[in-house]
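To keep things simple, chains are lettered A, B and C as they appear, and every chain counts its residues starting from 1.
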Amino acid sequence: MAPRNRDDNFMDVDSDSDISLLGDVEHRGKGKGKSKTTDKRKKDKGKAKAKEQAYTWEASYTRSWDTVQEDEAGSLQGAVEDLMARGRRRRLLAPAAAIRRTIIRHLVLLLDLSAAMMDRDMRPTRFDLMLQYAREFVVEWFDQNPLGQIGVVGMRAGIGERIGEMSGNPQDVLKCLSERTRLEPTGEPSLQNAIEMARSSMSHLPTHSSREILIIFGSLTTCDPGNIHDTLDACVKNKIRISVVALAAEMKISRDLCDKTGGQFGVAMNEGHFKDILFELVPPPAQRAVARAGGPGANPAADLMMMGFPTRLPDSSPPSLCACHSDMKSEGFLCPRCMAKVCDVPTDCDICGLMIVSSPHLARSYHHLFPVKPYEAVTSMEGESMPQAACHACARIFSTSVSTAATSEGMSPWGRYRCPDCHNDFCAECDVFVHDVIHCCPGCGK
Amino acid sequence: MEKASHLSVIVDLSPTQWHLSAQTSNQYPLSIETFLSQLLAFLNAHIASKHENSLVVFGALPGKSVLLYSSTELLSDDVPSLDANSYLPFKLVDSTVVQRIMNEFDAIGELEEEPSCALVGAVTKALCYINRITHPSSTTAGVAEDPSIVHDPRILILSVSPDLSSSYIPIMNAIFSAQKLKVTIDVCKVYGPDTVFLQQAAHLTNGSYIYLERRDALLQYLIMSFLSPTSIRKILAVPKQDKIDFRAACFCHKNIVDIGFVCSVCLSIFCQPLPVCSTCSFLSIHSNDSMLLAPFSLLQTHA
Amino acid sequence: MPVQSLQNTDVIVPQHTPHPLLPFLQSQSQTTLTRLYQRPSSCLSIFRLLGPIERQLIMNLLWLESALSVATISAWVLPEGKDAYDSALAVMTGLHIAQNSAVKLALNPTFKSSLRQAITGGGSTGSFGVPTDKDGKRQSANIENLDAYALERWETILHYMVSSGQGQNPTKPSQGVLYLLQRSGLMNNAHGPALQITSSGFQFLLHSPHDQLWNLLLQYLHMAEERQMDLVEVLSFLFMLSTMDLGREYSTEPLSETQKAMLEDLRDYGLVWQRKTSSKRFSPTRLATTLTSSSPPLPSSHSTGGSHTADGTGAVALSSGAAQQGFIVLETNYRIYAYTDNPLQTAVLNLFITMKYRFPNLVVGMLTRESVRKALGNGISADQIISYLTTHAHPQMRKNNPLLPVTVQDQIRLWELERNRLKSAEGYLYKDFASQADYEYVLAYAKQLDVVLWENASKRCFFGTLEGHANVRGFIERRTGSV
């Protein structure tokens, strides 16, 4: 919070916010290993100093270099390995069973375009940083939520402004975020107006899809025409999840929005933390969150949807008319049921109404469903008559000497990690790569 | 200056399929011996193109996948003796690959039932290997500018087995990680019917999928389509596949389907409507049954 | 080479600067080349020297028995690659690798069969060198020794060149090397008996080792032509060396007389190693075996950058692709920190920086106006200084974008421009004209001849070129005579 305690007056008003922020940070403990370390230390320090200092925000200030500890030899190796171990443990703790997740997601990105966004406490300005991270967010989001759609709404000059229509094409969304001059911040934001606009654009959506609003909020005020709590109630009723990433301080109303709708709330402490809390919203939310938000009786409907997987015609095929625009084209996709030709997927076939999706789109999300079992660190080489000489995946030769640094839990002193199913040994790098990228064990082939 | 390129070759070594392929009833019979000799010429051509080019060969055998050759590690201790008429790196590739394949084949023995080929294992291993050489770990001595970091890594799959529908999800996962690593996957279908999954692999990673029609001209196919790195493919065209089949395998019976039922929660694909999604055990709502089944019956009459 | 700076940009069409040897080969007659192509190792090496498009075209044609029509081949080419394709084809026909008639294209049959043989192995040409049997008594030179030897030889040559300007002569390279340096114009003895480095010699020093090597070898080839050596034998021996395996011994038995003579020269350059001059076996060094690889891996220890060597050699021995580490840190205040204990690198740096301090593994210096002007005076260009600094930048520097501080780059260029303010010309000053009319009359004549370089009417004088002097003088004499 240190960068922002420039105005003691308003900090006084909101002085309870920092406590809840710390609580929140702690609550989100499943974040990246790195941010977790920081958070933990922050909390410890906060506790220690709270006795001597009246203002918690002063206590919460930690120097970033304090979070890393050198060992006796002055090397950072130990600290780095500790971070790695944390990462591994985090994975071990994660449930191996399939989690239900909402995969067809609809998200409205609410961008604060008020004058407060021109503040320079984040470099270069809050506004530029927000745009940059928003673009990265969109790319990553579509990568993990291939069937999702994103719309963009801006808050400026007291009204909500539709910047981009709901779209499943990342390029469309990126395009509307790319014109910086069109989004120039001005005036006061209005949360109510903007949320109402976002809510109306999602009201028609089917029940099986999730509806979410992500607000990036830099202002400390909102100027609303009516009672914003009515809007909040409407959102709860419509099962809209609202998540807020605040760039300034916490406001009661933004926390309420998130708490009541089952979303996440976070205050960005610095540029890196901003990105971290933004990107935590990328993976599909686990289903329980929706259930909690819906309360009793809100059993979200799960339908089996019939979908067709088309055949793509090459660019060199003889041109023919497409069913959707009646254009002469050679490339296109053939509906597997009625053999009509459509221009793009995913879409509904204009002839037979079948939902046509490209199966790779679906498959992109399967790694959420079938995660690879975490590998066990080999801690003892006893009873191994013929240890594998090299990593089963990348053929890197295992070292025979014991690494002394890796004494912490979850790390193998031999650098060997073993699949519980196929009992092959993998090196640390492949372990991370297999679990984070490939999602498929090279030994078992599943 | 042009960069060294990396090629990972994955050879499908299913004994059954190769036996079928060699049968004289085929229009162009191709035995594994001729195949290997032409493959080795292709591998040598890759090494010949540039001193720094790196090469890894994986074999997909029934039930397991093995590393056959790697240009960064010496796999066998006995370096072949030099002779004045051949270039040592070529000889090294040839002898290592042949010897290892022979060892593996000998080890297979007479099995009642041949397990399916571990193609996925080989692909994921190739990806791990590429990950290793493209992102050298921070612990190695060369810190920043290491020219041995390859650019433009490629995987070439020489497939003879048909699609293995049980490996649908892993193979798709492998394709997406290849996309992330910017690895091009090329596929040469040497024998057997077109495989849907490998077509998708080539399409999604911007590689080329080629069905070998004239199997007596294997080497020419290999050289013309798969030797050039991606930068050259922008100048000298490489054939692409004509049609891409986006069919998927269902989770319940591992059938390859073109119309399926997709769970709206977890996106699992089923070939027939189920009351409970077997993946996420989500109850599908009964009120919608009638709506669901209508198109299904339509489908039946259609078929 | 400035190519390193391209690293971060996406090269859309592959950039390929033709190898310096190719123009030389192209200037040779078809019979010479065809004789050269009889050896598989030569074909393989030349193949590697070619650009990527040429290589792919050759490979496409290699296994075809019959000639292909030009139309078929150009169908492979995408429209945007047409120029690249045309120039590739021109290179191939220039080297007589492809026989280009208007309608059909095929490879030179000799080249084709030799390259096929190289790839598949077999044949009986013995062009990859005849290895000797393991000798139980004497252990053959190991790779570290070979590297050290090559490095020592090569740095002796370079060091001799650098230090000659300063007058402190270290160990002299052999007579053959000196002759070659003189022949190639890198050094001359214009100012007295001792050899002095020339401006092209200074430029040479800033090139990458790979370029330097080929530069010298090209000179060697030219010299070989004059010495009536058989060029085919010379070339094929070089190519054979480039395909040999590092750390092995080869027999000198099958070499021809010319090649045995070459062995001596190449030993002086550090390309081959022999136990004794009379030894029946020789080993190629890394300088030789990497001749045809495009990234220049001189022996790794070249950058004796302090601690790097200790753990570096082992790793580099495995992957020949590992290049030398950068060692220069350049700051915006014109300070240069060079982490090196290598006298040669220090000497090269000394060409354009002012040394401040020297430590066992660190040299600190400044880029000053004087030091850069001294370098410019030696014929080194600003671009060469910048590219040298870029190629040898320390890994830490690589994180910067742009790599070198812009201020420093600009200033070096400005210093170069500064020099260009003065232009010298030899000529004659004409002055003390009797009258303004006289002056103008002569000046008008001189202007007609276009020989006036400078004029000043108020002082009644002008400056004319050397060539014009006879005419102008004659004109004045005629005029004064006639009066």
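Here is the rule we use: a residue touches a chain if its C-beta (ideal position, glycine included) is under 8 Å from a C-beta of that chain, and two chains touch if they have at least 3 such contacts.
It should be emphasised that the depicted structure is a prediction, and the values quoted were computed from it without experimental measurement.
**Q** With centres defined as the mean of C-alpha atoms, identify the chain lying farthest from chain C.
**A** The chain lying farthest from chain C is A.
**Q** Taking each chain's centre as the average of its Cα atoms, which is closest to the average over all protein Cα atoms shown?
**A** Ranked by how close its C-alpha centre lies to the overall one, first comes B.
**Q** Just how far, in Å, is the C-alpha centre of chain B from the one of chain A?
**A** From the centre of chain A to the centre of chain B is 32 Å.
**Q** Need the CA-centroid distance for the pair chain B / chain C, whole Å please.
**A** The computed centroid separation for chain B versus chain C comes out at 43 Å.
**Q** In angstrom, rounded to a whole number, how far apart do the mean CA points of chain A and chain C lie?
**A** 53
**Q** Which parts of chain C, given as residue numbers and ranges, touch two or more other chains?
**A** none
**Q** Using the touch definition from the top, which residues of chain A touch two or more other chains?
**A** Not one residue of chain A touches more than one other chain, so the list is empty.
**Q** Considering the complex alone, what residue numbers of chain B touch chain A?
**A** It comes out as residues 65, 67, 70, 73, 118, 120-121, 124-125, 127-129, 131-132, 137, 167-170, 172-177, 180-181, 200, 203-204, 240-248, 257-270, 273-274, 277, 279-280, 282-285, 288, 292, 295-296, 299, 302.
**Q** Enumerate the contact residues on chain A facing chain B in the complex.
**A** 98, 100-104, 147, 208-209, 287, 301-314, 316-317, 333, 336-337, 353-354, 357-360, 362-370, 390-397, 429-430, 433-434, 437-446
**Q** Along chain B, where are the residues that touch chain C in the complex?
**A** It is residues 1-2, 4, 41, 44-45, 48-52, 72, 81-88, 90-91, 94, 140-148, 219-220, 223-224, 227-229, 231-232, 234-237 of chain B that touch chain C.
**Q** For a test of understanding, state which residues of chain C touch chain B in their complex under the given definition.
**A** Listed in rising order, the residues of chain C that touch chain B are 1, 3, 6-7, 11-17, 40-41, 44, 47-48, 51-53, 55-57, 59-60, 62-64, 76-78, 80-81, 84-85, 117-131, 243, 245, 248, 254, 290, 292-295, 308, 311-312, 315, 318-323, 325-326, 395-396, 398-399.
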